[in-house]
Structures are given as structure tokens and as C-alpha cells.
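Several structures are given next for inspection.
Both complexes shown next keep chain A, but they swap its partner, so chain B is in the first and chain C is in the second.
Right after this comes the complex of A and B.
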């Protein structure tokens, strides 16, 4: 029986490695045919911004890997509209990999998952 | 009785997560549950170095994990990608990357993230300590 997995991105990229490390977990679990939801809440919404230039900080840019989520069969990619709004970000600033959602739907997705990851 | 796996991401030198994970593991075993695997990821892998040398009056996390895992027959697995970045090296990787030595504690093994996924698939619960 396939188990489901919710992966919660709640931190901005580059100040720490959590985004990159969660992405690696997501892609590996996808290879095992687990049903995966990638959820972007709080400062995690910054992970999806276009035109990231971390090379200025000598950091590796992992943002393009988010575009591979769909390729790996990860179809549920939700970003919190409340958290975008709170940060004065519009969906047009994000890579076209996620669907706008809200806390209620995201909480429901978490509640229905067998496993939940947050780093 | 249930089968558990743990994901430990806490830095052993600067946060309490590893101590909490050990207490949790001991309690699980005491209550008759089974631990399949403890997977170390992010800064959590730092505990796998056998060269960790805390002052003698302080708790040795590496040795405590090792003793617990050997006594109760569960696996201690560190993620290879993040371990190598942090200088946690086994003989194979030392050889492959022309490094001067290895430092993995013999009770731990270095392997890929697939082992975390497998632990999830084969456990009733996975609990993260970050």
C-alpha cells in the first residue's frame, strides 16, 4: 500500500539548507512512488520566487529543482495565498510550479497525510 | 506495539534534539515498541563521527546511540550527501575522494536518502527530532 507524505517548506532559501534538503527528500520519496504533497507556507513561499541569484552569496541555486517536482510525479504543490499576501508577493512573482491555496486546504492536506516532514 | 523510525536532524553540539531523540528511543523500547532505523540528516549526521570528544563529565551522544543500537538491534544511518559535506566520512568515500582518513563510528553506516523512504514505508510512525 502506498503511503502519503506531506513536505512543508516554511523557511526562506539560503539562510539555511532546509529547502534544499526537503527537496531531496521529496524527489527520493517520489522515486518510491509515494504520494507526495509539497506545501509552501510562511517564509517558505520565498522558495518559489523567480530570478533567485544566490551565486552572489556563493550559494548553490536549488530553486530550479522545484521545476522538476512535476516531472517526478509530485502534482500537489500548494502555496498559501495568505502568506503570499502578508509578504506583499503576488503569484506572478513565483515560478509556475505551484497552485494557490489557503491555510484551511493546506491543513487538511497535512491532516490526511501518513507522514509529515518539516526541517 | 508499533514499529518506529526516527529522523534526527538536530545538531548534536548546539541543540537538545539528539538528547530528546535518545530519551524517546529508550522510552519506546522500554514500552515494548520496535525501532527499525534512526536516520540522521542535515546537522544530525555530525553525531556519527567517532572522533566526537566531549568533556568526560558530559554525555557522549555518539557512544550512547551506538550502545542503544547494538543492544536493541536497530540501524543508525547517516545520509551520504549531507555527511560528506560535513566531513563525516567512511572508508569507501575516503578512498573514492582521496581523503586522508575516515571518521565514521563503526555502529553507524552511511547510505542514501532511499533508506529514509524505506524506513517510512516499513514503519508505522516516523518521528522527527530537529
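Right after this comes the complex of A and C.
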């Protein structure tokens, strides 16, 4: 029975590499047919904003890679509606890669996962 | 599934406790031990003793103290542990 891994994104992009690295880990783990869930909470919701243009900082734009989550069979991609609201972000400003969720559901996913990973 | 949350960053206290379930436990380590002076504790809240002593905070805290060995024993009481970063 394959193990489940919850990966939690809680940091905004480009100030550090945690978003990009977590994404790489998610895709790799999915290739080893682990059951992955990608959870976006706190400032991690900013990872999913559209029209990111980090080339102005000479940095690689990893946000387009979030579209690969579905391609790699990662269906559970949840973003916290409470944390979006707190930041006055509407779902329409996000890339169409995640489903709107709430803390209760996200916490349930964390509790039920065999492993939880953050950076 | 009972989870042990391990926190070393005081800024993430609220976010971490928000994620915790009622059966889960929280262990403060490294810089986060300062929280044991500021936050009230309940029975599944712990703080690492060595990090308190190092910071001269050992007397004031009402949180349950665990030393390194007890920390290891604590991790065995839970299904998994999460380092909240």
C-alpha cells in the first residue's frame, strides 16, 4: 500500500527557494507513486498567483511548473480560503491548479498523511 | 493518527497550533522555547529543557519540560512528527 506524503507550502515565492524545492520534491515523490497532497497555507498561497515575473530579479519562474502537479497525478492540491481572504486575494488571481479548501479539510489531510514535509 | 509538532520558529506558533488536532502535541525547541514564557500551556505542550537552560529561561516556564532523552521517547509516542518550518 503506497505511503501518503503531505507537502505544505507556507512561504511566499522568491524570497527563498522553499516553494521551488518543495515542488521538485512533490514531482519526484509522485514519480515513486507515493500519494501526494500539496497544501497551500499562510503566505504559501502567493505561490499560486498568476503572472509572476521573477526574471526581473534574474530568477527562474517556477510557478509555471505548478501545472505539472496534475500531469504527475497529484490530485489533492488544496489552497486555504481563510488565508486567501486574510490576504484579500480572490481565487481568480490564482493559477487554475488548486481547489479551494479550508483549514479543517487541510488539517485533516495533514493528520491522515503518513509523512508531512515542509521547507 | 497522533502527530508530534516540533517548532523552532517563534513566528510560526499561531500557524502551527492552527494545524494541530486535539490529540496532537507540540514541542518547542531552539529559539521557539521563548514562547514558553509568553504562551499559556496545556498538557500536550512541551518545551526542550536544554534550550531553555542555554537561554537562561529555565525557572519561569510553566510548560512541561523535556530533556533530549525524553524528547526521543516523546517521538515514539506519536505516529509521526512534523518539523514546522
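The criterion applied here is as follows: the second predicted complex is superposed on the first by the 119 of 119 C-alpha atoms of A that agree within 3 Å, B and C clash if a C-alpha of one lies under 4 Å from a C-alpha of the other, contacts with A are read in each partner's own complex, and residues count from 1 in each chain.
As a working rule, a contact is a pair of C-beta atoms (placed from the backbone, for glycine too) under 8 Å apart; a residue touches a chain by one contact, two chains touch by 3 or more.
The structure presented is a predicted model; accordingly, all values stated were derived computationally and were not measured.
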item	value
Simultaneous placement of chain C and chain B on chain A, clash or fit	fit
Angle at chain A between chain B and chain C, C-alpha centres, nearest 10 degrees	60
Chain B versus chain C as contact partner of A:4, first or second or both or neither	neither
Chain B versus chain C as contact partner of A:41, first or second or both or neither	second
Touched partner set for A:76, first chain B, second chain C, both or neither	neither
Which superposed partner A:17 touches (first chain B, second chain C, both, neither)	first
Chain B versus chain C as contact partner of A:65, first or second or both or neither	neither
Touched partner set for A:105, first chain B, second chain C, both or neither	neither
First (chain B), second (chain C), both or neither touched by A:29	first
Lowest C-alpha to C-alpha distance for chain C against chain B (Å)	6
Footprint overlap on chain A, comparing chain B with chain C	18, 115, 118-119
Contact footprint of chain C on chain A as seen in their complex	10, 18, 41-42, 103, 106-107, 110-116, 118-119
For the chain C and chain A complex, residues of the former touching the latter	1, 3, 12, 15, 18-21, 24, 80, 82-85
Parts of chain A lying in touch with chain B, wherever the complex brings them together	3, 5, 17-18, 21, 24-25, 28-29, 31-32, 34, 115, 117-119
Chain A partner contacts - residues on chain B that touch it in the complex	7, 9, 41-42, 81-82, 112-114, 116-118, 120-121, 126, 128, 130
